[in-house]
């Protein structure tokens, strides 16, 4: 997607001077109250279908996404109105203060599409059509096999210098196969190789591994609404029982770091000074006794994970073993993702006791993560833990409305301290998202804000 | 058990016999000498044929009789070397066709003899033709195989031979599949296939057993007519003594894999030498004779894998003595051309 | 004959209806919210509600089923929840890859299985019969997913003789693209004279096709053997031998023709079963066929796809059965006249 | 669907049981199969003594020796969690055997009574049962099983149910045809004549005559059932970790199989050998007892 479409602005990769960088908007400003955001558009940008970028196009494109009510369009919910000030200026008026720059840079719902295609129903785009302004467009599409992209001749950045004319994306789910293709040189770039190969990938002559933080993290959520995990001491015992290092090693091949709090390393809002649980069976047993489970829990505790997730599958037996050591009997139940989610949503009584979840933010603000996962909900969608703490809720809401970064950070830290102490979830590890490439492939930029994207325009051999 | 009807036990009155060539050549066209065909089964060794000898002269009809399981069919199959191996095996003996031992021939040469110089007719016309090929295909096969005929020639010859076998509208038959024909018609087709290449020897293994009585006579008449015309030797294998009496010139009686008696047909019927032959004759109903004299042979043919000491018939024989159960009786010539294997002769 | 066919087609419709009921019921009681699949993993409750309304999921299940049947009769299998593409189009995209694999596999199975069975029948209870029996039973006992992986280890990793999977090499696909006529790569590249692509796609077919063929090879060999043993005991075989027909012709023409009925039934059913058998093989050789299509659907509970493909598979299975029965009637004159 | 395959003609000639056994043992390949089955039974019964690391066989991790290649310490190597593969294969055999026996039990429990009813009463009962059975046989059984597991949730018991449900019609057919042929026999007629009750005729006279073909069929099926369980396990729909299951082990090894080939290779080989040996025995039994019971489809 990120090669066919562009947003108004991009989130810069870590280490950049600026937090954001321009894309379709050349520059932008925000009003004092953070309610009005004005973007000045780049001139002379063409869409693949021949249309031109105008303020009207931006307005329509956002409105379309909001009306579609699909996927991640909810992140646009703070928008009150969109004004096309002049041909190349667009102003967003918000209902409440929100970091709209982060929203506008989202990889999910902030793409700008050509006005000529705005009227098309969503299904039209599913058929392999596109109407973006990005550097590449689809040439051919074979479902479950491959997609071939070709360059968009009228791309606004131009095609001087080293770029690829065509990009072939092979749909290969098998990690082993990806590795073989890289080894053989039939692929230049891959996103997954077997965990064991990943460890030693840089020893290869032909290939190398690039990695950086991704803002993705794994957690196990405990159902706090029903016994036994309505007991705080027991939840803490669980957090003390887990062998985090081993799980990181088995699950990710060591590519990542053990989680410190709910917000991943590198993302705004992360606090390195939060209390970090470490495996400590003695302490865990003590807490067990304190919680009134001196003899352990014989009645099996149900743990679900998404069956299609290889990492969760790999660590599941370890979890069972870790908890068995402190006397908790776990029944492992892999479920297809939608079924697991359904079970979570079926109400506290029917929900599983523990559920593994891979989380990534749709836009790079901690509020979304903290709100979605732990803010009290009438009918939980993402609050897997059925967590309920008004103080926590108040803190994050306040932080979200605080445009000033340091102050917001302080509020987020406080909220996270509460969360860690309550231990409704076990923060396993933050994912380092590696890409695997042939050595001759150059120009890859890894951007944790766009964890599943490779930017082809900059690449060359 | 032996069933069947003999029209008359007096061979002189047989019309068919009068039709036979008056002067058959005396050199045997086919001679079997001390043939042993054994089967290695899961239940043990079965000596289905154990030292059988007989011969047949050109133009002559030899009858081979015996209860089912006595080895007569196996002998015939051995002649064509059609014994399935394993489990069957021709252990020893020789089979001479015009003096040449065909047991020693390589399989390829043997194939050229089958259907060409020696051919065979089977008991079951219903199952002896391949159901998924037309009569024309199967019949033409013998001409393409042995005469090197083209398809067209083979068709011509097939038509001719069908006509010779008195089959009506042969062209239609050629296109038919076996299941579309009646049993008698199929047997005629079988005969046509067997004599198509003018064989020296025709082995007819119970050719009429499965047919209606009226058809039986027709088929046998046809066989004899053809034999006469072509001058081939005919080995008529049957358990029907009536048929033998009417059609054969000499008779071989087999019991449990051995030849027990051989005699010209009138001698055999007039003065049978072996108790088994006598029993056989007594078990056959004869027109005009009172049915209450009909006798049945007591007991069963011993299972072939049972090793027997002495005479194989001894346990069913009313005249058996101790010696019979100890010594295997050798064949003795009791009159010219009359051989019997019985200690009491 | 006509009555026979009509009866069978009626039966076919009945089976399909039953299948519809069962799969539809299953798809509705299986946990997992179709709307969530439709929207992807980050959906808000109000969006889910909207989609439920749109997909008609708010209606009672029998009514939903009636709608589904109505669409089905109009040739509409619905749209995938995951990709939002019509299921019929998805099937059209994926079917040729599977069929191509199956055709090659069944050809291999027949070419190996039948002679093996014939020879084993001819040499009943000899060493070669025992060995061929061991081989055939082994073929039927191989877990296809394991065999596929073994092949990849041996022929790709160790020997480097065959590609690890896929239908066509990426480079070949770019330099010698196959014109889309039927979707069968072998046929399309042959028809357009694209020899490079023909060679490459044939090369890619080898391992998956042999894997897919293994079960059928064993089964066909066993079936052929037992039928041939019966046939070879028939009188007409003795007749054929007695007139001097050569052993080769007896086995492979006169005998085999009679054994063809059961052998063909077996081969036909093997072919029908292959459509589900491709499941694992496509997964491991990342073959973009129907198996891949439905595997992805099952992982997400994409029920329109699951239902569509299941229906297709059953339809295929039942119609292959029908075709086989008709073919047998054509080959065997005895059946024809009944 | 009605077809040549799967129609099992009853023979009713099992008098010479010992002779059949002798014929069975006469075939060297069948003996080979029997020998492997015997070995496996030893593994099943004496697993804790046969396996070098019983606790790892039961699932305990051993992170210090992860992915070790075959060596004298671990003759078949270790898996992702350092567990001894040989031990896990041994323990996996328990699961497979138990599962196979359970499936046969379920299948017989459903299929045989229905077959008895259909065969004995005939008429509309027969029609109803057999049409239904035919319909189930027309479905792709693996798909049906997968759908059922997806509905019931993936665990071993549900997998067994899912395998059994599309399977019982084979037994219904078998028993039905057996009953149909036995029903007309003399002794049933006489039993009826002396006024035996329907129930008595069915269970005392007809059922015993169906036992032999059921046993033959069950032997033939054991291999396929083990294969089906392994297949579901491979898809993650059967036994759940950390219980050792052969199919699950193969799929766990798939992540590593091109390099750490021993995980998938050996556990797959265990499936293959087991299925092979059962199929060899089944094939031998079929040949020895009743050549008419043909090979038929049970697709993995």
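Before moving on, here are some points about what is shown:
Each chain gets a letter, A, B, C and D, in the order it is written, and its residues are counted from 1.
Operating definition for what follows: a contact is a pair of C-beta atoms (placed from the backbone, for glycine too) under 8 Å apart; a residue touches a chain by one contact, two chains touch by 3 or more.
These numbers were taken from a predicted model, which means no experiment stands behind them.
Between A-C and A-D, more C-beta contact pairs are found at A-C. Among the other chains, the CA centroid farthest from that of chain D is the one of B.
Taking the mean of all protein Cα atoms as the centre, the chain whose own Cα mean lies nearest is C.
As a whole-number value, the distance joining the C-alpha centres of chain A and chain C reads 40 Å. Note: centroid distance chain A to chain D, computed from Cα atoms, is 45 Å. Averaged Cα coordinates give chain C a centre that lies 23 Å from the centre of chain D. Distance between chain B and chain D, defined via averaged C-alpha coordinates, is recorded as 52 Å. The multi-chain contact residues of chain C, meaning those touching 2 or more other chains, are 30-31, 125, 156-157, 284, 298, 301.
Contact with two or more other chains is made by no residue of chain B. For chain D, the set of residues that touch two or more other chains comprises 150, 153, 254, 257-258. Chain contact summary for the complex, chain B toward chain C: residues 77, 80, 82, 86, 107, 111-116, 119-120, 122, 124, 127-133, 138, 141-142, 145-146, 177, 179, 190, 193-194.
Of all residues in chain D, only 1, 3-5, 27-29, 32, 134-135, 138-144, 146-148, 150-151, 153, 223, 227, 230-231, 234, 247, 250-251, 254, 257-258, 261, 264-265, 268-269, 271-272, 275-276, 279-280, 283, 291, 294-295, 297, 299-300 touch chain C in the complex they form.
Of all residues in chain A, those touching chain C in their complex are 69-74, 108, 122-123, 126-127, 142-146, 148, 166, 168, 170-174, 177, 180-181, 186-187, 307-308, 335-339, 341-343, 345, 362, 379, 381.
Residues 14-15, 18-19, 22-23, 26-27, 29-31, 125, 130, 133-134, 137-138, 140-146, 149-150, 152-153, 156-157, 215, 219, 222-223, 226, 261-262, 265-266, 269-270, 273, 275-277, 279-280, 284, 294, 298, 301, 306, 310, 313-314, 317-318, 321, 324-325 of chain C are the ones that touch chain D when the two sit in their complex. Across the interface of their complex, chain B is touched by residues 125-126, 234-247, 254, 257-258, 260, 331-334, 337 of chain C.
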